């Protein structure tokens, strides 16, 4: 299912290489010798998790159905205008962000507010409905950051002990 | 939007009067003089909240789209067989359950496991996809129970002070 | 830190062997060939996670401080009488339960309501403050159940593919 | 209990007037005619909620106990150095932030990362343990922002209808 998820993200305009630099900028201050390669690995590891795959497929399905006008009102209009009080996009993405611990929530919230890199573009692509997609990308990167922070500590502790 | 949500629930087979006795049985041990009328009021108050309305509309939309075969694979099959590891139905419904405080999570989990009254029927209606609906009903009742518990205490504290 | 956490739980009256049968009863309906050994392994794996260790240490610290009267009012009284609307015990334990996916929330809520085995005893030990401990045990078992459900599926999928 | 909570926050160095400008800066872009008075009202309304009061009292108690050396190891050291992977401070504060809907999670994460105004000062006060306090302030402001966003919409909808 992982390959289907990666393909689906790509079809909607998001590639792994778009998420790597966002994760790098987020974690670089805490891990000085961080490499782009490690960021890519962490994102790919996150996409291995079943619950993250389900979240991505569900969110993108809703975006696509809204784009095609295949949802009923008032849900259709809420999704089409990316109503800031909809809340379901955040609840899904936050769920991903915290699968690696609650520190994921801080990263998720920050990314969702600041919208670095491709996240901003997704939020403003004319003619497309990306109500869920931008939050999903924030959630994936936040989960990867949280996984990386925990993993980095584990390595350090092993080296010390 | 509240009336649309109540109508939508009814179209899918769930009426307020189906949820009232579940809430009553859940809260009766803690509130001896509880009435069915109070249970109905609490459920209606919960359905006033925008985020709860959005959750219900989104969950039911996914059920209906799965029923009509309008979702892509593998999501379609996951929803049609109500895969226990899907997780998105629970994350949405749990979000509702905790809008009135985290004690809602206990009630949500209990209802989702024991499936009293109509919740069990929804889970096993042949030919229907109710993957989200049964969890949504658990979430609504859990939220109403949590609201009632907090409200009941507030009243008691006012009487004492 | 894992050994410190296991010792701390034991000091407060909870051993791994007390949690194993609760997990077994919870998962047996879904995994017919489940063994007690697998249940023990899953609980031990859960106790490896840093965030779960932190939650346990924090919750037990608050129980002990309340027992010794070392918290200020009104917090002291709230913890001593295990006020059902306190909510912080549930929020901590629910956080553990969902580290392996949101299906953990259902198991957590069910256990917290039904209180099987040692969980009930903890809730009613005279002279002890176990406001957090009973929820922590529910959270550990719920996390182990969620981990087991995901792991079991992974094994089956590998055998099929 | 509200007055005790406000006094406790003040004893630890946080007054309502310190939180008002943070909320104002956060919401001003969305509500052009926002006033400081409305921000203050929203923060005070948030502090009326029982679960928010419990969270604040619990978090501050842990900070104070760590400051006085009254917690056991390894918890004492974790709290004293404000270990970024502790996670319990975020889980408590995030719980507050989402009591008014999941949009609170975005504001919480943003504030927790950017640490505007007094939040930064709290994080770096020498000799003090504010491991929970800075997150609690983020959670209070995030909850107040979420409450304000929902409330503002309700008013607009009533004016239109």
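Quick notes on this one:
Going in written order, the chains are labelled A, B, C and D, and every chain counts its residues from 1.
By our rule, a contact is a pair of C-beta atoms (placed from the backbone, for glycine too) under 8 Å apart; a residue touches a chain by one contact, two chains touch by 3 or more.
Values in this document were obtained by computation on a predicted structure and should not be read as measured data.
Shared contacts of chain C and chain D, meaning chains that touch the two of them, come down to A, B.
When the C-beta contacts at A-C and at B-C are tallied, the pair with the greater total is B-C.
Inter-chain centre distance (chain A to chain C, centres taken as mean C-alpha positions): 29 Å. Averaged Cα coordinates give chain B a centre that lies 25 Å from the centre of chain C. Among the residues of chain B, those in touch with two or more other chains are 50-51, 85, 87-88, 91, 95, 101-102, 150, 153.
Chain B contributes residues 30, 84-85, 87-88, 90-91, 94, 101-103, 105-114, 149-150, 153 to its touches with chain C in the complex. The residues of chain C lying in touch with chain D in their complex are 1, 4, 50-51, 54-55, 57-58, 61-62, 65, 70-72, 74-75, 78, 85-88, 91-92, 95.
Those residues of chain D that touch chain B in the complex are listed here as 50-51, 95, 98-99, 101-102, 150, 153.
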